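One chain, chain A, links the two complexes that follow: it is found with chain B in the first and with chain C in the second.
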Partner chain A sequence: MSENVAVIGVGHSKFGSRKDVNIPELAWESIKPALDSANIEQKDIDFFVVGNAGVWSSEAAIPALMAEYADLAPKGSMRVEAACATGNAAIRVGYQAIKSGEADVVLVLGIEKMQESPNPTVIELIGRFGSYFWEFENFGLTFPGYYALHGTAYMMKYGATEEDYARVAVKNHYYGAKNPYAQFQKEVTIEKVMEPKYVAWPFKLFDCSPITDGSACVILASEEFAKDVEDKIWIHSQGVGTGTANLSRRSDFTSLESARYAAELAYKRAGIDMDAPYKYLDGANVHDCFTAPEIIAYEDLRFAKRGEGVQLIRDEQTYIGGRIPVNVDGGLKAKGHPIGATGVSQAVEAYKQLLSKAEPGRQAEIKHGRWLAHNVGGTGHYSYVTIYGLEKLKK
Partner chain B sequence: MDEKLENHIEQYGFPIVPDEKSGALQWIDMRELRVKFIISVEKIKPFFEGLKEGKLLATKCKKCGRLFFPPQKDCPSCRTDEMDWVELSKEGQLETLTVLFVRPPSFANYDPYTVAIAKLDDGPRITAWLKGDPTKARPGMKVRVEVSKRKEGYYMYELVPVE
Partner chain C sequence: MSENVAVIGVGHSKFGSRKDVNIPELAWESIKPALDSANIEQKDIDFFVVGNAGVWSSEAAIPALMAEYADLAPKGSMRVEAACATGNAAIRVGYQAIKSGEADVVLVLGIEKMQESPNPTVIELIGRFGSYFWEFENFGLTFPGYYALHGTAYMMKYGATEEDYARVAVKNHYYGAKNPYAQFQKEVTIEKVMEPKYVAWPFKLFDCSPITDGSACVILASEEFAKDVEDKIWIHSQGVGTGTANLSRRSDFTSLESARYAAELAYKRAGIDMDAPYKYLDGANVHDCFTAPEIIAYEDLRFAKRGEGVQLIRDEQTYIGGRIPVNVDGGLKAKGHPIGATGVSQAVEAYKQLLSKAEPGRQAEIKHGRWLAHNVGGTGHYSYVTIYGLEKLKK
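After this line comes the complex of A and B, so read on.
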């Protein structure tokens, strides 16, 4: 048993259109720096987990492919899938393996090579991450469409505008421009976001996260193994929630119940006051697969009261220096969203931020020593909220 | 096989093509996978029979009365499969909507369509295409469910604003 679990090493590939590498080569780009920064060898790893949704890419048996390319055989492994929360699901498996005492050191890799398929095929495949029969087969809902149903409901209920949603893209591109690993490293203006045609009203091109290739890797370790490691952070808690497949079985389209549930669990376990959790956190990564869900996440995570999340972005309270910096790595919006890698990439960001290793211009001030990651699969079909800390959790 | 690929096979000796943007060499998979799934509707057959007669049917647990739409065969509250088929009122209120401009290729033969969720007066919610001008649609607006035939010739239902 290990009461506490540490992140002792991280690696991150450049996200984007990675036509220059195949799947194992892309994986190695994050595995190698993760092993290096943890200062471990493959033989130290007891178990490895691969987060990979993978329906759009050629290879199916990814863990074995990694075992072969990265010298991880014959250690135990598993492939994990939870739609866009796949990366955090992989972290959960590693975290629990160490907590239970089954393993001391676990390598968690998140990887996705979405551009092995043409865009129309990817649109077709992602549309199936809801209830296939009642939503996709008969009504052709796309992924932007699922979230647009929420974006519209939020606008109509709370008076948010398309310009407000554009502000989220502007912020995330602003920070993406400072992140050398991001897919888009260019700032955008509200006018530029408002310009293109609609993808799924009210979302236009810049309201949507891109189709991305990328990998991210973290090395998790038990308290005993981590005790002599200098650069490390701790997993304070993790909450997981699940929603219904059909959106029509939800009672509300301005919030994700599974995310609220996961947040409550995570806050409770970490001893964080649910009335003002931002007072305990130095920053957060939230699942901004589209612009509107970032605002909804502010509320589901209680950074703002219901209906007031939009005011946070209007007042620039989620920039560095505001109430709580959010997605200062560019988020899914500008950093890119390689589905299986996203949750692991958020853990890499927590490590970099808490240890003050983020690139110039996007380093948050670390006062409380805690960082939150919110990773949603589907449209709240799966929600993971993970809280990372610089110090071990005080009981 | 397309001509471009054939040319490349001739040129490189392999199905290798430089990526249009980056120039990086890409192997084009020669094993095309086309999938079409076959989904059982045996246990919800009455739903389709009802639709043909213009009725919108849901299942209702005989024991606890819980109503299910989309219809499901089992009641997880009572752990029973003793269900009645009941007709839903086709009246309801619009809750949210979106207009799909970028469609999946399998919907390319349709113009941009509006997908909406409405709450029926009987309680359940329903997802369907919304007829009419989406710019005039607002949450809270009264809608009714109409059984209609799709372009492809089979029955489906849609939401229609009530004047």
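After this line comes the complex of A and C, so read on.
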């Protein structure tokens, strides 16, 4: 058993439209640098877990495929899925495998190849990650619509405007432009975001995260294995919550209850004061599948009080130098959102930020040595919050 | 952290063609008795994991669906998949969650509703759990064909006959007839098995496990939580292995390398002598998706030497009273094979057998207090071997 679990290596593919590669090739783009940065070989790996939603791919057996292609057989494996929180769910399986003593070194791969699936099929398939039988099938809601319900509720209750949501896109595109792995590397202005037609009011094109192909990989290791590794970070805690399948069963559309629950668990276990957790964190990645949910995430994570999240983005408090830098890799919005890879990509970002290895112009100041990742599946159907630290967690 | 993890409650739906229920109703058929037998309520559960392959179902978000229907929100959850070993993979996630100290009580649900999908679509979808891109797409192999390659190789090398394979069906239908949860509760004779036309030589209808709807559920708990629970068994060890995606990359068709690897790990961790593990076990459930692989499993699990597995079934040594009773619940063959539920159903069987709660005529003699479950995904793409014990593992 290993009380502490380290991230000892990371890899990240270019996110975007990756019709130039097949699934194993796309996976290898992140596996290879992860093995190299951890300075290990395949034989050192005890177990591997693949985060992949995969309903749009022809290949159903990606762990077996990678066992062969990346020479990981006969080591054990599985695939995990929690809708758009799939990547962080995969990290949880790796984390627990090591913490339980069942493995010393685990490779966690997050991968999705979504552009294989023709539009609008991919939109329908994503839509099923809510409640298929009732709200999806009967009302025809897809994800822009699901989250627009939250976006409009927040506008009604707290006076946010479409321009406020646009500010989130402007920030995330600003940092995406500095991230060579991002799908979109172009800055946008508020005017540019306001220009296109509505996808689902109040969301326009630039309020939505894109359909993305990509992979990300982390190598997790026990305290014993990690002791001689120079570049590493630690998993301090994880909190997980599940929401109801039907949004009509929720009491509140200006918050995701499962995310608040997951955050509470994670803060408690990491010894972080829930009144002002930003005083303990150097930055965060939150699940900005649309612009409005980034603001809701500020509040669910207690970076701001209820109703005051919108003020954070107005005041540029989630830029580097502000109260807490958020999504300074571009977020789902500009970096892209290959579903199974997103949560793993957040871990890669925590590693790079905490070790001050982020690209020029997007490195946060590291004072507290802690970074938070918030990964949401469906519309709060699954919420995973993971806190990473530069040093081991002090008990 | 909990060095020892217990199974404190179990539930099992009727397996078969379950067009009378939808997915949450089918799940509840096993969740309810699992909660009841563990004598707990939903609030006691810290985390739940769903084993579900699910490519044939409309519903993509079964954990969220069950969070609502079974009142498990806001507790954390995820879905796991390892083809036909999905159920045991889900148990692994629950096991590690408790052993790592991240949870005290975990609900593990295995569920599949396969008859929703029209034939031959379901056969194609199962076929993708090999290597889609190469062997499935180019050669058109589906699972009867994949395993027939193994069945014929074993016949050629060791002189097994079609009648020998029929003996496995005869045994498993014999016990299935005594299991009220089984899909097929009718005995068959060798002559009956030999009668139908070939599905894929040497397999005929009764050599194949059926397409099944069903669910199974176990409640896992930490040593501390389980201490006052009367009826419980313990997880002694688990071994996991992965095979190559393409069968053409395998060196041997009379064995599944990943299963041998998983068995070695499981025996070693449970302190069981690999020369004669059957001397430590009261019985086993093996992955008899077809008749021939049950015989291959005897050898991969070291119940017999290489080439001698067939003699075990000829001599009725895997009936109750023989060397080691195998699949005395009917196995996948007669009980049915709802993919995500199968590995969990094996755990339910281990609980019932070790606690001497099996139905009349199919209760094995419990002398050693250990039961083995062998769950294979694809054609050895994923192998999971779990050993359960009536007492805690002595170190």
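Worth a mention:
Definition applied: the second predicted complex is superposed on the first by the 395 of 395 C-alpha atoms of A that agree within 3 Å, B and C clash if a C-alpha of one lies under 4 Å from a C-alpha of the other, contacts with A are read in each partner's own complex, and residues count from 1 in each chain.
Going forward, a contact is a pair of C-beta atoms (placed from the backbone, for glycine too) under 8 Å apart; a residue touches a chain by one contact, two chains touch by 3 or more.
Since this is a predicted model, take the numbers as computed values, not measurements.
Using the contact criterion defined above for the overlaid structures, shared-chain residue A:58 touches chain B and also reaches chain C. Counting the residues of chain A touched by each of chain B and chain C gives the higher count for C.
Residue contacts after overlaying the shared chain place A:152 against chain B, while chain C stays out of touching range.
After overlaying the two complexes on the shared chain, residue contacts for A:238 are found with chain C alone; chain B is out of touch. Look at A:246: by the touch rule set out above, it reaches both chain B and chain C.
When both complexes are overlaid on chain A, the residue A:89 reaches chain C alone and has no touch with chain B. Of the two partner chains placed by the overlay, only chain B lies in contact with A:19; chain C stays clear of it. Once the two complexes are laid over each other on the shared chain, residue contacts for A:133 go to chain B and to chain C alike. Once the two complexes are laid over each other on the shared chain, residue contacts for A:99 go to chain C alone; chain B is not touched. On chain A, the surface touched by chain B in one complex and the surface touched by chain C in the other have residues 58, 131-133, 137, 246, 249 in common.
Within the complex formed with chain A, the chain C residues making contact are 1, 3, 22, 47-48, 55, 58-61, 63-65, 67-69, 72-83, 89, 92-93, 95-102, 125, 128-133, 137, 238-246, 249, 257-258, 261-262, 377-378, 381-382, 384. Taken in their complex, chain B has these residues touching chain A: 19, 21-22, 24, 26, 29, 39, 69-70, 95-107, 110, 113, 115, 117, 124-129, 134, 138-139, 156.
By the touch criterion given at the top, residues 17, 19-20, 58, 120-121, 123-124, 127, 131-142, 144-145, 148-153, 156-157, 197-202, 246-250, 253 of chain A touch chain B in their complex.
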